[in-house]
Amino acid sequence: MRRKLRMGMVGGGRDAFIGAVHRIAAFMDGEIEMVCGALSSNIEKARQSGEDLHLSPERIYGSYEEMVTREKELPADQRMDFVSIVTPNHLHFGPAKMAMENGFHVVLDKPATFTLEEAKTLKKVIEDTGALFCLTHTYTGYPMVKEARQVIASGKLGNIRKIYVEYPQGWLTNFREGSNYKQAAWRTDPKRSGISGCMGDIGTHAFNMAEYVSGHSVIAMCADMNIVVPGRLLDDDGSVLLKFNNGVSGFLFATQVAAGEENNIKIRVYGDKAGLEWKQEDANSLLLKWLEEPTQILRAGNPYLSSYSRAGTRTPAGHPEGYLEAFANIYRNFAYTLGAKLEGKRPEPEWTDFPGIEEGIRGMAFIENVVRSAASEMKWQPFEV
Amino acid sequence: MRRKLRMGMVGGGRDAFIGAVHRIAAFMDGEIEMVCGALSSNIEKARQSGEDLHLSPERIYGSYEEMVTREKELPADQRMDFVSIVTPNHLHFGPAKMAMENGFHVVLDKPATFTLEEAKTLKKVIEDTGALFCLTHTYTGYPMVKEARQVIASGKLGNIRKIYVEYPQGWLTNFREGSNYKQAAWRTDPKRSGISGCMGDIGTHAFNMAEYVSGHSVIAMCADMNIVVPGRLLDDDGSVLLKFNNGVSGFLFATQVAAGEENNIKIRVYGDKAGLEWKQEDANSLLLKWLEEPTQILRAGNPYLSSYSRAGTRTPAGHPEGYLEAFANIYRNFAYTLGAKLEGKRPEPEWTDFPGIEEGIRGMAFIENVVRSAASEMKWQPFEV
Amino acid sequence: MRRKLRMGMVGGGRDAFIGAVHRIAAFMDGEIEMVCGALSSNIEKARQSGEDLHLSPERIYGSYEEMVTREKELPADQRMDFVSIVTPNHLHFGPAKMAMENGFHVVLDKPATFTLEEAKTLKKVIEDTGALFCLTHTYTGYPMVKEARQVIASGKLGNIRKIYVEYPQGWLTNFREGSNYKQAAWRTDPKRSGISGCMGDIGTHAFNMAEYVSGHSVIAMCADMNIVVPGRLLDDDGSVLLKFNNGVSGFLFATQVAAGEENNIKIRVYGDKAGLEWKQEDANSLLLKWLEEPTQILRAGNPYLSSYSRAGTRTPAGHPEGYLEAFANIYRNFAYTLGAKLEGKRPEPEWTDFPGIEEGIRGMAFIENVVRSAASEMKWQPFEV
Amino acid sequence: MRRKLRMGMVGGGRDAFIGAVHRIAAFMDGEIEMVCGALSSNIEKARQSGEDLHLSPERIYGSYEEMVTREKELPADQRMDFVSIVTPNHLHFGPAKMAMENGFHVVLDKPATFTLEEAKTLKKVIEDTGALFCLTHTYTGYPMVKEARQVIASGKLGNIRKIYVEYPQGWLTNFREGSNYKQAAWRTDPKRSGISGCMGDIGTHAFNMAEYVSGHSVIAMCADMNIVVPGRLLDDDGSVLLKFNNGVSGFLFATQVAAGEENNIKIRVYGDKAGLEWKQEDANSLLLKWLEEPTQILRAGNPYLSSYSRAGTRTPAGHPEGYLEAFANIYRNFAYTLGAKLEGKRPEPEWTDFPGIEEGIRGMAFIENVVRSAASEMKWQPFEV
């Protein structure tokens, strides 16, 4: 009997947002079961949350340290295979490091860590332990984002020239930190989020999208960051001029004060033969804009797509898949790759298409660079990692 | 420890389309585990399919009869709670009846049965056994379809006047029955599908959508049905003029030969104060078209929606959910309702918002009425159940 | 000096809707000047309206009879070349016939006449007088509608199978006839509109669109017509199942009680290789939906379009043109063809792409057939002209 | 008899793009007639072009100097009222100045002049002569752009915070200057266009849009300008971070090398209560995005719009109007205002809603500032006029 992979979770108790998303993503394809959790630092809440999730009482732990230690003591055919870490940013590094050093693989919510330095250390831990590591930059899990990357890699757009990426949200239009709103509270708190709010939370997604889709790397930037809402402690808005390698230029904007916007991350890339456009609000479509021919609408689930895109859908064309399936694609690819690793097999190339520590390091570098650039009076700052 | 509900599955082996969808829908929310299956009449395929799904070898059965019989013999804390039946139409009635008569609850793919008569018999079995029964008309599981129903029920559109529903697909544009294409083969085969192809397969979805959203019932129809592709044995196309109660009129069209269309079921309803529009290609939006005010775009996941709609999303506004989540809403509502039933509690009203045997009987009646109307030279045929 | 063509107008005084549209359409391209008018049966209103339009007082006439008689007496280099008739339906036949019999060409608003019989008589007058005659079915003036026709004529869709056309409006949702609303008053009045309201007013546009784009002819129909708003004297809603030649089927619906809808005429045609879709709300785009390749968005003004479409735009791609330009295309084509005729030259084929008396006769036949079908208890009625 | 206003034109001979657009815009509403022209510096081309336009041979002039001189000698009831100047940028100042100094009013294509200095001089000429002056920034002529301005002015969005404006085109993706392509030739030629290509041509439109709609003024900028296509002499691409008064920030991008893009200028503005979005590709709609209520789609031609917007449509809602009508709105407002001026009356406020010399000066200042900023190593440059 082939077995499911066994997952433990750090964070993600009652009321958490992203923990629930991770679980749906993990469960959807029937390849992963949740066997234990350190779901909250509040022991009573941890217990209730574990019960909600049908965990055995003895595998509901009070801390990640306890979880890692106790799971390690279990027989190999019972203990968890990997840890999914869904805590606020300041609590990423500790459990990730400890888990890997004790033989567990790791799925980690983004941004990778609290500081760039931590991310670099994690890379070393990964190299030393041989653990499989996955960073959940959700948006590159969409099948049509994968297709966008393949289209560009194939040269169909010609030489790339312009990259525009944007991520408007409106949920921080008002000051909500004072209210009983957990998401607003920690994401705007420098002690838990780090040196950036908006840029760290969603700017990193936009940055990752730009580099993943285009295959180009940012080499310099010029940032304008703002605290728009009085009293807020971290940026809630920013716009950044970008230079990429090969003479490509572009920009990135991310804001959380665009009233009425939901979550519409969007990317446009233009080459000398064609352009492409993808946005989350129409996630199952990818526009290919040809210079002298009609624009094409590529649609998820069709046979004419690349294997990377086709591997990312569960239903035929015309059955819309969304954010949760994009997230599940990351878990499924991680699970398939881990399964192959555990069986000593070579994973299919499509399975390895999930973000890892390199994306984590570049994301943390983005945060540090964008904050430095915003503080500078000079226009261009080289991108340093 | 709260437990997950235990599911067995009839049909849905390797290569099946809808079985895999049922499983994703069942697993997504972590409330249901699959414990057994009679996945194929081919015993070797059944075995392999069960292995794919991580089933214990002893609970991979060769037939539904065997499954029902053997599961019934298991201890109460191990045996399955309900059966999910995902076979072609001619194999719905048998397992559903036997399962309920042996104390199991049932989730059944649509259309309910092979004939209207069978559906009526099932209703009697349900009444006699007290089993909980669910019919998976996926599209009414979308949160914005639920919102559409609530908007109309609340009177916001005023008195309803017109109902237009359409369901264009293109996948049967060519004759594919002769090829090794399992979906095309059984859905166009009168021995397995019944007296109608297109109208039974997707016309029933459109019909269910029209009655669910509008709260009105069809009372007469005038149908034009066609076999467009030469050699095909069942209709692949149809258009139907409709009369509903309260003087409402409308139409329904469903076709599987609209080349280039994917799966874009769409409904429009107009009252004397406003109209509404929903289509699967933009499933997270519902348009409210006011007579003298700007059209509004209601979006899934927002606090301004009804409780029925809000109960159908897993993420905040702006995180698109799709077909699989709509399907999962049916499973989740079924699971919550069944859980309440098993604990002797009263389910929340939102949980009971899933299709049952009444929808099944009306769907089968639709098929029989539409076939009779299409064969008639007279214009209007009363809708008979 | 090349001269502009000289236009006289019958109807279209202050407060009229369609007269103003005709004038904008005629003036836009600088090829037509308005020299006279019989703008209202109310002499004072006629005078004021003429003044608004910068007409010379002596060429503001009290009736079309006076206008035709007096203009005929003017020197050839001063008198009008053609009459534009923009009165309600019951006042189409008289001025059109008299104008042509006195040597003037005619542009006539649709539907052609009050009865089918009148339209047939007009055809005879045209043949006898050699007058150039144009019927303003606006929507076939759109460049992307012309492209749709050319795409189908070229065989790109393969064998045509399905034609769906719809025309929803909401402006007659309430009873407005009693109010001081001129448009509502005459269009719902059998004495001025004829035997049909909605079907005569907009159903004829949808019918013309279906036949123009597809190149197919309706041969049978099954109609459901309704007076939805109590007290109204003519139909405000209708749905029609259609049979075309070559085994093509389809439907048409037109309604004026779809609350919140503006004027979104839409057509979809499917062949065995591809489908197409055009709607007025996105008038500069034409979707080509391929069976196994990505959908294409053809956009007005691009070099890849047919000469018929390119002749219908005034600006490069990306400068949206709309309803008035579509209308102007009819006037411009009429003017170019008339100019060629007056100079004894052969017009370019693209110029002759405007509706004439054949479309007028089929439109009137549509009205008579749809009314007869709606009154029948039998399903199919052959289309009789 | 009320008379039409008499227009002369400088530039706009055969093959010119924008001259033909000006004429359609001027003619559409029947308030303006063209009586003379200096259509080309090539005398034979000027003659042929004048003939195309039905001008009297004696009023086809060889130069603007001749036109102004000769027209001035004509009787007051024959000579032109105003000059429309549609030449390349380096030929704006001369004819505008001379026309006004000789008693003629002026409509001028954008950008106002070749240099900021010239624009300031023109302002003085306007003040000294009392001439009516109009600058054709087309895009603010759209009714839904006018509505956007009114919505913001009314305070519905609350305090403005972010302004994003973009203008992507793709027509200069390749080097086309060497070909026989007149538009590409002059717009990329520093001798005729001035110190900027893309920013002068379309960046100025985007800048004008941002200030017109938001009611805010740019006070500082940080620009990245590029010559993307090798061999080109002027910028074909640029992105600009912006600071506006009242602490508002935003950005503007304009590019002519976005392959596959047509002409989709778009603006988004966000306040603390709501945001709005308008784009030319859906020009008849304006999105109002509320913080906690459903997004509204405001549509042109509806009674719920402001008087400024309603004055900009010619047809009821649902009859799409486009670029040419937006352009015609500028001409019509100019003509109504000029008509009132000539009759000594006060124009309606809606009529005076067209761009003038202030917009011209700010546009030229934008060009000079953006070029200066792009050349600087410092981030922020104050906006100087």
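Read from first to last, the chains carry the letters A, B, C and D; within each, the first residue is number 1.
Here is the rule we use: a contact is a pair of C-beta atoms (placed from the backbone, for glycine too) under 8 Å apart; a residue touches a chain by one contact, two chains touch by 3 or more.
Nothing here was measured: the structure is a model prediction, and the numbers come from that model.
Contact with both chain A and chain B is made by C, D. The pair with more inter-chain C-beta contacts, choosing from B-C and A-C, is B-C. Most remote chain with respect to chain B, judged by CA-atom centres, is D.
Interface note: chain A and chain D, two copies of one sequence, contact each other through mostly matching residue numbers (shared numbers exceed half of all numbers used).
Note on chain placement: the centre of chain C and the centre of chain D lie 34 Å apart, centres being C-alpha means. Chain B and chain C have CA centres that are 44 Å apart. Taking each chain's centre as the mean of its C-alpha atoms, chain A lies 55 Å from chain C. Across the assembly, chain A contributes residues 261, 288, 295, 299 that each touch 2 or more other chains. Only residues 288, 292-299, 302-304 of chain D touch chain B when the two sit together in their complex.
Partner chain B is touched in their complex by these residues of chain C: 157-158, 161-162, 164, 168, 170, 173-174, 222, 224, 226, 228, 237, 239, 241, 249-251, 253, 255, 257-261, 268, 270-275, 288-291, 295, 376-380.
Against chain A, the residues of chain B that register as touching in their complex are 1-4, 17, 20-21, 23-24, 27-30, 34, 51-57, 169, 171, 261-264, 280-284, 299, 301, 314-325.
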